[in-house]
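Right, one structure below, let's go through it.
Naming follows writing order (A, B, C and D), and every chain is counted from residue 1.
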């Protein structure tokens, strides 16, 4: 579960890929994720994406329970402000999926992430997620310690081909 | 959404019924509740039962958000300690279900509820749920104001035929 | 649960509103919908939106289980192809929310819907959803009987102010 | 993800343990699993247990999607008929949990499983689950190929100490 800075080097050209340094997690599709159409329920993908973001943050040293529990003055948590999602192909029961996450942009009070869910070489879903920091019910600037960690994983050039 | 104290009077004999004064809520089965077998996912019924218990408590004047928000010394919340569930028949997409809830027993530190999920005249599921009160991470005696409200809806005789 | 064609007539000017003929459902926030931040979990809103779309379709005579069960040549179901969601304010435990749904555009093979989640006069979330029709695992043209029903609820002019 | 037949040998005496040959999976608690009380939502544990059963079955060569897809005469799927669950201690955001699953009994038409959710040395939850086989909407005898696989993992003596 470490960042791979050259992860996309070997991808064939012409494929839509995430910018450098995506964080990857593998997950399995279970009964709970499917619906009566036989495919994965559309909102289940958001749970998968959120697992990907949580592991991304953990990999760079940011843990939800710790920053949240650290209440009072410094306690804060992340909230999703906006999402754009393209559902390209359905995932199925028992599938093994790969969730890729990377930071695409970083402002003083918000983080933009790009995410992708793959099954083998197929891209099933792409998403753009805007995250904000909330403390005491109000939006805040990203705390310095978190900002420094995120800055290390933002691509300096934005030549990504996701959309 | 009011308690009906003679709700079961007209039920035909021989049917498994809840003891007096069940609280009823109607709900619809949506995509989110089903799984790829085509039926309702088994854990979804627990969500339905919890909605039933929440509305039961609300109907007798106990609201989760209010008692929980009332933090510090008096803030507490309910936790499920044990459940026994019989899944008798599957519910399907678009079904309208009825969740019946009643208090079956009341101790100093725990509440025993009986619940049933029906579709028309069919009983799809029966459950026995033991609830405890937690405050500051520890089990507590049921606060007096809550106990008084619950006492009013516990059947004095326990001639229920649920199991 | 009937369509109200003049539903927005009395809305104060300057408010972001859905185009005419939104379908409204009310729903309650339960334990199941929240997460440890104390607010509603972001993916739970997608479940609420999907309930809104299901009831919208039911209100104009389209029922998921019936069209899906009608397998073989004619059986089909709806899939979400794309979503854009703005999470404006958090919903909380015990809140009563209103989900508004309307058709914003209609193509030969896809439906564009606008949705909004309100709590009283506050808009908590806005969404734009593109739906496609799938049969036998492949995208299809919207069946004539469904298309005719949808056409009746598409606004002829697109002066909506949602985005 | 292989069965360990002597898994409990080294457990300290006096601890409640599963009978031999439990199948173990590790999982992480995410936002999606928690509720506004700050703990894991009670129905989320049923999703964890179901993942454990699915991996248990997969480990002995039984895959849901394959047996279900094999429709017509031979297609079947598993359904939960009854569950008894003790919720002993709450799991929290970011916890790593271990789900242990074993077959406790095997009838012609039903399987009894015991399951346990642990966090380190703490037992958070114990469950007893009765599973049946359904095909074409009706309960069936366990197919021979499945029965043979299950028979290999049923303990011959039932000296388990779960409850």
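Here, a residue touches a chain if its C-beta (ideal position, glycine included) is under 8 Å from a C-beta of that chain, and two chains touch if they have at least 3 such contacts.
Note that the coordinates shown come from a computational prediction; the quantities given were computed from them, not determined experimentally.
Of the two chain pairs examined here, A-B and B-D, it is B-D that is joined by more C-beta pairs in contact. Distance from the centre of subunit B peaks at A, each centre being the average of the chain's Cα atoms.
Inter-chain centre distance (subunit B to subunit D, centres taken as mean C-alpha positions): 25 Å. Look at where the CA atoms of subunit A average out and do the same for subunit D: the two points lie 30 Å apart.
We define each chain's centre as the mean of its Cα atoms; on that basis subunit A and subunit B are separated by 37 Å.
Residues of subunit A in contact with at least two other chains: 31-32, 36-37, 39, 43, 47, 50, 68, 92-93. For subunit B in complex with subunit D, the residues that touch the partner chain are 36-37, 39, 42-44, 46-47, 50, 68, 77, 79-87, 90.
Within the complex formed with subunit A, the residues of subunit B that make contact are 31-32, 34-39, 41, 43, 92-93. Of all the residues in subunit B, the ones that touch subunit C in their complex are 28, 30-32, 47, 50-51, 54, 63-66, 68, 92-94.
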